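For clarity, chains are labelled A, B, C and D in written order, and residue numbers in each chain start from 1.
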């Protein structure tokens, strides 16, 4: 730990974890569009069909914003780390596994959106994958704290950890609530996922700051 | 805000925004090829069928050059920034949402190119997504200016801002014109999109400089 | 070889090899999800169908963890190198060829999982590709050793080389065993691949260290 | 041009060109596998069908090695540059356009491989795209030379330029020859493309050096 060249080597490995993760996030978020089927209708019905496909766009939007929010949390977390260890790399791999898997439940939710009984299964299945993504981020943040992966810059450390925890924990609870609601009313479940995605994506603190500054 | 290590941290976050955005741009631009269907004809008709598919190649070309031009503008804008904030990250995410979505309207335009009434809807739908991409870039540039995200290197700042604005504003107006024209004559609309893509992609100033230098 | 700027140039080329390889690994690992077909059943049968599809999820999991493990080995190997040469770049390209090819045998294995005679062929074909990936990593590590691509930091060098060798050689033997077993009993073969993926992905040494620290 | 901070800014822009290009190369090379269709035969015919599909694997191999070789040339060229300009960025975009387009002619060649008259068209169409990729690399190298984009490190400059030129020019001629041969005998044409890919991928000089060192 006291060799002069060691930190540089560890920092490099963090760079590749970021590059690989950014790649998977970027691909998963972009592959979502392949799930949207081109309507097979005659020209005069195209506009109506495009409007009729709104559950597909909604599923696209929720998945896009959720992966985007997870990417931002991941970015903030890894950014705050001084170095990473082998366990963190594997936990990260499991996070990416669920993230790369998301286009599949998204497709299922789009396709069974107009089917009363299928919709129920689809919404819960989808919610479980979203839940696992948030859960893995929390596990990673906790592991980083236990193993002292954060730098010695204590103020930053606490700030970032708190940020990740306070922003993720409500998400976790809300996904469980959304999944449970989805069993009763699938549409209500999806609405909850949508609200979580918007909540995770909107930078409440910064927006407040901007308004205050101008007001 | 006065800690000596802070700028390095912020700069790092900018790096990940670039890496993630480059990933999404690169994937969206490369996925476009998947939309081109292999002709299902006998061998002797292959050449004719390939030639007959020109609207598909045209849609491919327009989408490719537009994403390419947006990438170049994005690259110039982020490059000129000193640091980014949370709002900029979210605006960037919305830009990427439209960018990653583009393969879908591209596919629709390719498929309804020979259908009189469908073509109209397809061309306007496509134009709206192109418009949103340009609009988001402008919003990002404006936010960066309002929040002083540009560095203190004033000359560069003004130059870059001006460049982004002067090059994007005509694009914005042209997309609205192209969409409106598309309602009357879809082919005219597509021609406008093509001209915008070429205009955005050709480095007028640099080409002028090269000719002047040699002439 | 004695110019002062040479090392910087070589280091840069290593960066691009990493960026390109990370891209291919990330895309191959994310494309796997496209192989999972959405069930075409009525809503009430969706849950049963999703459960019935377990071989598809298993194939997804094994392929994901194998690519993930290869990425981690690749990361550790290239990280330990001081510079790379042209032969190393080509060997790397062959590794990526098998890695990018993996979604194809994965798809075949998923589709022939319930077909007695097809399963046998699928499992062996799949195992050969996994074997080639591990083999190429070993060839790359050996070439790096023969050509002195590792830095002068001898302790690190030996440690890393040993790590790659000791972790890969059993994998190589196990893939051959798994393939041979797959000829007799396809399910047994897949189980072996699964165990190898878990073995490669679990950081035995670090887990031991964590337990020891707490116990 | 004499400001002290300018070089850093230009270098950064080169980094994003590399990141974006690496992304497109990596995705194009990995998407190729999606073109390989899973055989729809009964289990006992799977082995025979996999063997029967050899033109598909050949097309995969040739396309993979060609993109890999172009990536290596691109890497060597950009690495040798001191900075880039706007024209170089656009030329690069056109190179990427052909590169990202390659999966389409690859698919056509795979599908028309057993069709006497279709094969002729497919092989020539495929060769034209390969030719354009090589041509764009040459145009980029030439532009870089004319505009003094190479650094002042003259020896390196000449060495690299020469390398790109001497290795690409024969490729260019060979592609034209291959395309012409493809008109007479498609199989001969493909063989020529295969030989060019192998020629571009094998590091003749380094292999010679290795043998000499050991012999």
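The rule we apply is simple: a residue touches a chain if its C-beta (ideal position, glycine included) is under 8 Å from a C-beta of that chain, and two chains touch if they have at least 3 such contacts.
These figures come from a predicted structure and were not determined experimentally.
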Reference subunit D; chain at largest CA-centroid distance: A
Interface sides of subunit B and subunit D: same vs different residues, half threshold: different
Distance between chain centroids, defined by C-alpha means - subunit A, subunit C (Å): 25
Geometric centre distance via CA averages, subunit D-subunit A, whole Å: 36
Multi-partner residues of subunit C (at least 2 other chains): 19, 23, 26-27, 31, 34
Residue numbers on subunit D that touch subunit B, as the complex places them: 5, 9, 12-13, 16-17, 19-20, 23-24, 26-28, 31, 34, 85-87, 89-90, 93, 96-97, 100-104, 107-108, 111-112, 115-119, 121-122, 125, 147
Complex interface listing, subunit C residues touching subunit A: 18-19, 22-23, 25-27, 29-34, 36, 38-39, 42-44, 46-47, 50, 60-61, 64-65, 68, 71-72, 75, 79, 153, 156, 201-203, 205-207, 210
